[in-house]
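Have a look at the structure below before the remarks.
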Amino acid sequence: MTDALFTGLSALALYAGWRVFRVDSMVRASFWLMISFIAVGGIGILLSAPYIGVATVFMMAVEMTVMVIFMVMFMMNPAGLNPMMMVHQHRFSIGAGVVAFAGMTAATLLTDLPSNPVAAGKAVVHDLGIELLGDSMLIFETAGVTLLATMVAAVVLSARTGRFGDAVEGSVPPGLEPGGTPAGRVPEKSGGHHHGSHGDGRSDHAHHHEGHDHDGGGHDHAGDKEKHA
Amino acid sequence: METLLTVLVLTGIFVALVLAAYRASGPRCSPWPQRLPFLGGGEADTHAWQRYHVRFYTMTLVFIAFEMEMMFMYPWAVVFVEEGLKALAEMGMFLAILSLGILYGWREGIFRWQ
Amino acid sequence: MTLASVLIVAAGLIGIGLYGALSQQSFVMLMMGLELIMNGALLAVLGFWSFALGGMPEGQLLAIVIMAVMAVEMAAGFALIVAVYRNRQADVTESLTTLKQ
Amino acid sequence: MAVGGTPVFVAAGGGILGAVEALRLEPALTPVATPRAAQVLLVVGEQRPSDRIALARIHAQLVEPRATVWWRTDRLSGFDLGTRAPESVSDAAAFISAQATQSDAEAILLDDAPPNPWEGIGPHGQGGKGMMGGTPYGRPMAMTSDDLRDGLSLDAYTATFGPYLTQWPPGLIMETTLQGDVIQSARIVEAPLAQDVLAATPHLELARLLRLLELPALAERLVRAALANPSRAATGLARAVRWTGVLSAIPAGLGRDERGGDVRSRMAGRLHALAAGRPAEPAAPGDVAAMLAGLEWHEAALVLASFSIDDLRRAIVSPAVRMAKDAA
Amino acid sequence: MSLAAFPFLAFFLTLGAVLAVVLDAVARSALAGAPAGRYLAGPLRQAAMRLSGQLVTTEAPDRANWRLAPGWYGALAAAGLAVVPFDEGLALVQLPTSIVLWGAVEALVVVVVFLHGWSPNAPFPLIGAYRYVATGLPVMLPSMFVLIGAALPARSLDVLAIVESQREMWNVVRQPLGLLLLLIVGLSLTLRGPMDYADSADLAGGSSAEDSGPARAMWQAARLAMLVAFSAMAATVFLGGYLGPLLPGPLWLALKTALVLVLMVAATHLLPRMPVSRMVTFLWVVLLPVSFLHLLAAGLVAL
């Protein structure tokens, strides 16, 4: 019975993983990926890892919901109403995938794998808890700081109102001619902080420098902050 | 294994129930005018499916980072009583660090509609 | 269900993920490929932990680390996409490469 | 969740809202918010001839077998379907409920064709060139446009909403452009229709707000009080509404009118009026369409419901009038 | 696994759903000032009528996801209820981490409600779906803190152990804030009243605005099933589940479930729903710190 379940879940995990790149709707793609994760979580339960297995389902349901939000936001034709293949170097990718699979399978089959299975009835979650707490606070602190850095980075990169005001505030549309006056805006208003340092092209960079020239960095930020307080 | 089987069977039962209900339903095909999305009598220019402008996207990013903490908290809860104040202190520190991220996000206004 | 069979399934997931990561033009779809590779890695770790490590807690810890990496990758990746989209109305890998100029 | 008897979708016209509220209380009927849930299309009150197409769309969206009933109004020309219900509220309810069970279905008045022709032409069956071209399934796809609030140019969704949206004042038609759930711009196509005296009581105005705040049972209590005696002071009722915390649920500063009041203060005003047994003070909304731009859909609905229908009508010069003015 | 729990699960789901309809009717009639009969007869009559009604489609829906969403939602309710022990050792799913399984159910509810609103390709369901994601994600944080708080004195992630840890004292006494926070989560899981961001009135029914006939009936039924599952879970985690003198365990659980149902129905009809932006801020800025404090208090009590 365990073997049957394992086979079924494995097939589901692989099939769902394949569907991810074969469906037109981004929503379906994300949720196929979630199903692949859920199947792996199920296999985890079979592998006597009840915590990691169930927690995979939990975490991945959430992550794929977020994935869907961004897929639909930024992909053209998110629902696949106009089906199209959006791939490049297709043959090469298939080859790479197959080679990777074949290589790893061969390695698996040729190596003499060690055998030391989990004892039935082992308190695996308890052990994990003890391991996490450890002798020093290392794991929690590292994880905490990493996640904090992620949060801050995510906010800085994606929020419109960054630390020094609007992300696009002060960015100047490209000039109508190289080095000319930017379209629709007066240079004095520029000079704010460029968040995306990926400028809008050559002419923009020229203006950006100008902006910094006449109203330096410091007080500028203060002004922006005030605006957003 | 029993868990998986139970969940699979329960899912099967409910999906079967719903499909059976559809089977027993009345006419199926909808003529084109009936298919219009409901807008109180109005009509839409385009499909509703679009690059939907989500107003809380930064919040979701902070959320997936913050939510990782759950992975650490569940095993922590099991050994909490055993380890006592040490466990409380470690989790306190952990949550305090993460709260900084939330405070920062709040200050940047990510919980409001962008 | 043996360690070898689990590892072969994991290899399959990694292979599909690699195909996706290499072939998809869109940056978001590329991230899906990466996630699928992580999925395979997660399965492999669980297999090793269950069959070859005698349930050493470090194995589970590694699985948690993989999930944390996925979360961090997603948060950072999407934030980057938003930042890029704000400046260039595109999310396709090619336009990311042109940005490097 | 809908409760009660026969589910009806009420397409309300002018001079009728108070009577509709009375009809809603009849046990034989359950008013529903979407024709997908309704068995009967109930057309009530004075109808604009120009709304004939909108009415036909709603009629088509009903679940089969369709039935149309006209109450306190004449059939619109070109809409020769359905029967007339008796004038009195209780007779009408029984009549409508009986119509639902008779099963000779009415035919759809609109052509059975997609809004635009569609054929698969691309190599993968897509509607046009590239991913965004063509009209897949008879409708074009949304295109990007600039955004008011956060500068991410994503797709805009433009549609006319109304005149039969039950959460809006009857007769209001707005061409609205949304990005996500935020209104980018709104253009008022038709002003709401004038309503009867009962609809302007603080009870019914509060009831409309309470439904939007997901408190239908309290709203019903207010309607019952209004039907019993609209001019009696209902201090207890006003206090009960206050205690649910409705005022603090509404964000401060939402929908500022020309006198500086917001949704919260206007609702508080209604509660005072209810407690004192007098009509609420009129407000001056100013430019309604401009007020709605930049608001989230729920907030916009609250703003619309926070004004009395007369206030809204005064503020919105009907486009027909405006055109006449321009011509002159 | 104990198969003997299966009939209990079926009974709980059906009788609980009926009880929920009755309680809703009573609450509405008490508030609206009218006899309860009309609110009671209506839903049953409509359900019967809808089951044989037409299944309307929209212009280009994601048909499979749209049609199956009520099934998934109901299945999640059943899977959630399966971890609840009806008596000592009488739970359909016995897993050392069954409380995490419930957490997974909560996360998947967000997915299912989103799919249900996304699939019809219509504006109102679409807005409802996204709105629900905005509140459904952050509301999971207090939920996890509350459930972890309940796991502290039990020293286990098993719901059975959590019940057994309440032999001397129910968790609601030790951690009174927890039940309150969990009720808010429950309102969100079942799309009710103040947390009804998916099927809201300002969107003409939101994610179910385009549902007709049996699809509509099944979605409403699944919501009721989820309400029952949540109430049983809350009764188990905070009110001692099957524990109690004299009466048999399942009966105690049923009584406590009914009590939670009453609280849920009362909250549905008495609390207003804020605009979504305000609610998201409220969840992060008020409820999350409150659940931190709750966990701290629970931890100190458990030591």
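Which chain is which? They are A, B, C, D and E, in the order written, and residues in each are numbered from 1.
Convention: a contact is a pair of C-beta atoms (placed from the backbone, for glycine too) under 8 Å apart; a residue touches a chain by one contact, two chains touch by 3 or more.
Since the structure is predicted, the reported quantities are computational estimates derived from the model, not experimental observations.
Between chain A and chain D, the least number of touch steps comes to 1. Path length between chain C and chain D in the touching-chain graph (shortest route): 1.
Averaging C-alpha coordinates per chain and comparing to chain A, the farthest chain turns out to be D. More contacting C-beta pairs link the chains of A-C than the other of the two pairs A-C and A-E.
Across the assembly, the mean Cα position most removed from that of chain B is the one of D.
When every chain is represented by the mean of its C-alpha atoms, the one lying closest to the mean of all protein C-alpha atoms is B.
Between chain B and chain D, the centres computed from C-alpha atoms are 30 Å apart. Our note on geometry: chain A versus chain B, Cα centroid distance of 17 Å, whole angstroms. Computed centre separation for the pair chain B/chain C is 21 angstrom, with centres defined by C-alpha atoms. Within chain B, the positions touching two or more other chains are listed as 3, 5, 26-27, 32, 34, 36, 38-40, 44, 47-55, 57-58, 60-68, 70-72, 74, 77-80, 91, 102, 105, 113-114. Contact of a single residue of chain A with at least two other chains is seen at positions 2, 45-46, 50-51, 55, 58-59, 62-63, 65-66, 69-70, 73-76, 79, 81, 86, 125, 128, 130, 132, 139, 143, 147, 150-151, 154-155, 158, 160, 167-168.
Annotation for chain D: residues touching 2 or more other chains are 34, 36, 61, 64, 114, 136-139, 141, 144, 150-152, 154, 157, 159, 165-166, 180-181, 296. Listed by label, the pairs of touching chains are A-B, A-C, A-D, A-E, B-C, B-D, B-E, C-D, D-E. Chain contact summary for the complex, chain A toward chain D: residues 73, 76-77, 81-86, 160, 166-168. On chain B, the positions that touch chain A within their shared complex are 1, 3-5, 47, 49-54, 57-58, 60-72, 74-80, 83, 86-87, 90-91, 93-94, 97-98, 100-102, 104-105, 108-110, 114. If you check the complex, the residues on chain C that touch chain B are 64, 67-68, 71-72, 74-75, 78-79, 82.
Residues 82, 85-86, 89 of chain C touch chain D in their complex.
Every residue of chain A that touches chain E in the complex is listed here, in rising order: 25, 27-28, 31, 34, 45, 50-51, 54-55, 57-59, 61-62, 64-66, 68-69, 79, 81, 123, 125.
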